[in-house]
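Residue numbering begins at 1 within each chain, and the chains themselves are lettered A, B, C and D in the order written.
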Amino acid sequence: MGVLGASGYAGRELCALVARHPGAELMFACANEQRGATARFGNRSVTFLAPDDAPLDRAQLVFSALPHGASRRWVDAAHAAGAKVVDLSADLRPGNGGGGSAVPYGLTELAREQVRAASVVANPGCYPTAVLLALLPLLVRGLIAPGGCVTVVAASGVTGAGITPRQDLMFAEVSGDYRPYALGNTHRHLAEMRAVMRALDCDADLVFTPHLLPVARGILATITVPLVEPLAEPLGLWRSHYASEPFVEITGDVPALRDVVHRNVARITAHMAAGVRAPTVVVVAAIDNLVKGAAGQAVQNGNLLVGLDEAMGLPA
Amino acid sequence: MGVLGASGYAGRELCALVARHPGAELMFACANEQRGATARFGNRSVTFLAPDDAPLDRAQLVFSALPHGASRRWVDAAHAAGAKVVDLSADLRPGNGGGGSAVPYGLTELAREQVRAASVVANPGCYPTAVLLALLPLLVRGLIAPGGCVTVVAASGVTGAGITPRQDLMFAEVSGDYRPYALGNTHRHLAEMRAVMRALDCDADLVFTPHLLPVARGILATITVPLVEPLAEPLGLWRSHYASEPFVEITGDVPALRDVVHRNVARITAHMAAGVRAPTVVVVAAIDNLVKGAAGQAVQNGNLLVGLDEAMGLPA
Amino acid sequence: MGVLGASGYAGRELCALVARHPGAELMFACANEQRGATARFGNRSVTFLAPDDAPLDRAQLVFSALPHGASRRWVDAAHAAGAKVVDLSADLRPGNGGGGSAVPYGLTELAREQVRAASVVANPGCYPTAVLLALLPLLVRGLIAPGGCVTVVAASGVTGAGITPRQDLMFAEVSGDYRPYALGNTHRHLAEMRAVMRALDCDADLVFTPHLLPVARGILATITVPLVEPLAEPLGLWRSHYASEPFVEITGDVPALRDVVHRNVARITAHMAAGVRAPTVVVVAAIDNLVKGAAGQAVQNGNLLVGLDEAMGLPA
Amino acid sequence: MGVLGASGYAGRELCALVARHPGAELMFACANEQRGATARFGNRSVTFLAPDDAPLDRAQLVFSALPHGASRRWVDAAHAAGAKVVDLSADLRPGNGGGGSAVPYGLTELAREQVRAASVVANPGCYPTAVLLALLPLLVRGLIAPGGCVTVVAASGVTGAGITPRQDLMFAEVSGDYRPYALGNTHRHLAEMRAVMRALDCDADLVFTPHLLPVARGILATITVPLVEPLAEPLGLWRSHYASEPFVEITGDVPALRDVVHRNVARITAHMAAGVRAPTVVVVAAIDNLVKGAAGQAVQNGNLLVGLDEAMGLPA
């Protein structure tokens, strides 16, 4: 397996996962600006290549963690060279102009069979992974009130903002702080979430407000959902929906970042809101943005693409 | 001025504010379990008294930062002794059984004149301060959609959970974590917020989900509000509403905890949500939970009670 | 294998290591105050027992992470029941009254053969592990200046202070802070370090000043050592000394907590001090206080006690 | 008063201090790369100028917080224009090539009278401020053992490393970490500390190892000092030495960063090391690197330069 875009946070996490994957070998890792530099992943020492020097034709599977806009070209090149590809960028995702492609959207718990049959997969964004896994039990049953408004308030650790040095991401600025961004429903992940909701016949509106947390890793999404009818046992619904999923944990306790970091799981709870007239459920989902929200889910999809056990090499 | 309940976080903040207040003197500070111990507030060294030993009859103004349930008795005692009183506990607030009392709810920006005329004031809770200041411009104009649902997701620093040692509040547990609590719309501040909304003729539902942040101080509330009609210029509405308020800042930028900690201000922004059918505004308010959300607002109210300038001794 | 004192930070880490140990089974975990409660370690769900209910006679190996003073009695009981024992408390360590015992001091890299032959081992303290591993290459070669003074300034994450709730360990107190403790050379780990130095024929004085860091995990010790002669190549000395050790990493770069947390390694560097007259080396060692400084080293010793590969089940 | 280099952390702190200084006015603030941008300091809104546009001839006092190497030229220009100058850079400090100048080294507690008589002052570095204030009572009395070695291990918050974005200073890298730097006695502040020690007739060696802390602000230096003779009452010595100093606090408790941040104080303790043969004292000093270690001390010196009360405008 090979990794393009190996110097970012998701790329580094991918290299680490592939390096200790019992069914794979880290054949190459590309990082254009750091080409020639050496990094350690587990027991494996890797020298970064320029993408142009990557032996794309010799890898069975290539992960692209290149930036949005720069990835599609390399996905095509790897695919043309005969590799299967997991694209972690937004380039091929629905709602990003990639919706017209034949490439499945790799929310594994929703699209396992399409992924297994595909040769290229668009790996979901970090926020959409948390939000859609939280909503799936409602979406597939048509339980969200038509015409209603789903409110998502989510918070992410700073690795979600990338590894490029920025003054607003320095320790002295982030420590002790908490703030929203992309106010007014303007985050680019909205299109991706809406596209999946519409594909599952949900016409509800979506208001999404992300925040920056003073932690390194993790996303927690708090979702308030108007329903067509009250749920007698919300936890039971989520538990039965995800009964056979190895990477989704339903908890009666509160999901917390500490319980999910460095693990390829989504941890979810759901509670009916007391004291309101219209039936409303509050669903909370926590993931590690770099694992289940990026590199881990990519390995899940990659395992399926090449016929390995889906859970192989993943920290649950 | 005297302080009851001086050993908690709000009580300590009160002592510090009163000690450097140019128009006041810290006459006594009570902390029953630490009676006899000495603490420094600015240049002032204070020996904690047992409440029974407090010279209530000699203070013009008494602040009670005693725990909920334990405060009312001392408020009555101080009042009977001739002092004016600001009660920081929930005991006298609307929605907590205190609604029937003649005591005004000291959200200063809403109830300035009642406070000025009163002898006892119920100081608002920290979350209600942030949420109600954010909503006031909509509430007083009847702009919230009748029958709609206002969704509040708020996050607080750990001082909001009090100073009593608890394993879940230790550094090793909170660091790197973020989690909700009081899921299912069960937080006791809900009654307080609903009572004020109803008093302002708003019948909307309220879903409130608080979270614990890995920071020492600060509350940030992210509020999604269905409207009767779109707001052409939301910032303009908030700016005009609060034009003459010294302790409310309206910003076109994002409110952030770092901009409000150790200051007696609420920092608020408002943006219409794009891409939804029903007109919806996202309002965000940030305060320091111990200052504008507790001790600072208490001093604001105390200044009014005794005829001083409202802003005296307060860090803006 | 069984664990006594399973509810503290070291005990929990032990349970997690044993639960995923490929050559062991977590037979029981005792935590007197939490008896009856259930905890998850990896895929394993464990119900805590009272120590009195532990089947000591059926475990091949017992770890005691009981508090200092309370441990020796249970070590004796487990031993009498036929188990081999690793004691993580200070009770049997040299310099703590345990020096007269026949129990080897399990600094594995120093005492591997004695541990292999023993049935009970005293697991080193967290600070002594970092400091002694840093000093061993000098100690065994007699390179520390006789009559000189070795200065150790060390800093530990808050898990080093235990899990019992204390106000000074709460997030709001530790965040943003850094402070020394046990000033004046009064820390109880001094006796343990001195005893090992003396056993290795070093008569130098030791001044040790520990500090509390605002991090959850990790110890970093900065050690200034007067030498009998300059070292031409300090890194080379440490590298050759530890050439065959799987859990000691010598680096020309700076040791950092981030490189050692959650790993059973000590990461060490050494540099001659420029611009001073007497030859002096600055040695820095970093470990995870809960892994290499406690539970990981205990498993290393336990593996040797029962004849398993020393590295089995340990995260390097 | 004017500020050159106003966009760095020390420059911003200076602007904030000058803006609320009761005896001064913030006449201009220069920040070349941000010229034209506006910043708020207290109630004052300031537009950054290019240094070339600064009205140096109209300011009574100019602070230069320009980078090392770039400052001296502007100090000369401001001085030539008639202003008194406090230079926060290293350019004019002893041991940095500035030792030959007639410019006093503005460790105020040591050189108050020279500062008062001067027109230009070299403001001490942050580490030297903490270390030299800790050592002064020993230095002026000749109590440090001749030929001995003073060991300084110090730790600084990240603002000490400047405001320019760097990957190693980003939140995701610093959070949970702690590490040394400038190993092998190579930090550039050594020359400055040595020059002052020599000027006070101390010939002891100095080994200085700085560390990076996961906090925004503060320096804590832990100093182990060989003495000519034991001190019967170390605290008494420090207390009497600093009895009349408004900005030095001697404590029998442990100095901690939390007690000094945002304040213009050094907080110091001293304890004889137990259990060693040669008399040795451990001195610990804590300061805010941006206040007492930079901008606050600069204002102290500036006040003296222009004949104001030394403490005016400073948060003690």
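Worth a mention:
In the analysis below, contacts are C-beta pairs under 8 Å (C-beta built on N, C-alpha and C of every residue); 3 or more make two chains touch, one makes a residue touch a chain.
Quick caveat, the model's predicted, so the values are computed rather than measured.
Using mean Cα coordinates as chain centres, the one most removed from chain D is A.
Here chain B and chain C face each other with the same set of residues for the most part; over half of the interface numbers are shared between them. Here the CA centre of chain B is 47 Å from the CA centre of chain C. With centres taken as mean Cα positions, chain D sits 38 Å from chain B. Chain C and chain D have Cα centroids lying 38 Å from one another. Chain contacts: chain A has residues 173, 175-176, 214-217 touching two or more partner chains.
Contact residues of chain A toward chain D in the complex are 9, 157-159, 163, 165-167, 169-176, 214-217. Note for the complex: chain B touches chain A at residues 147, 149, 151, 153, 155, 173, 176-181, 183-186, 190, 194, 205-207, 209, 211, 213-218, 220, 222, 224, 226, 254-258, 261, 269, 271-278, 280, 282, 284, 286. Touching chain B in their complex are the following residues of chain D: 175-176.
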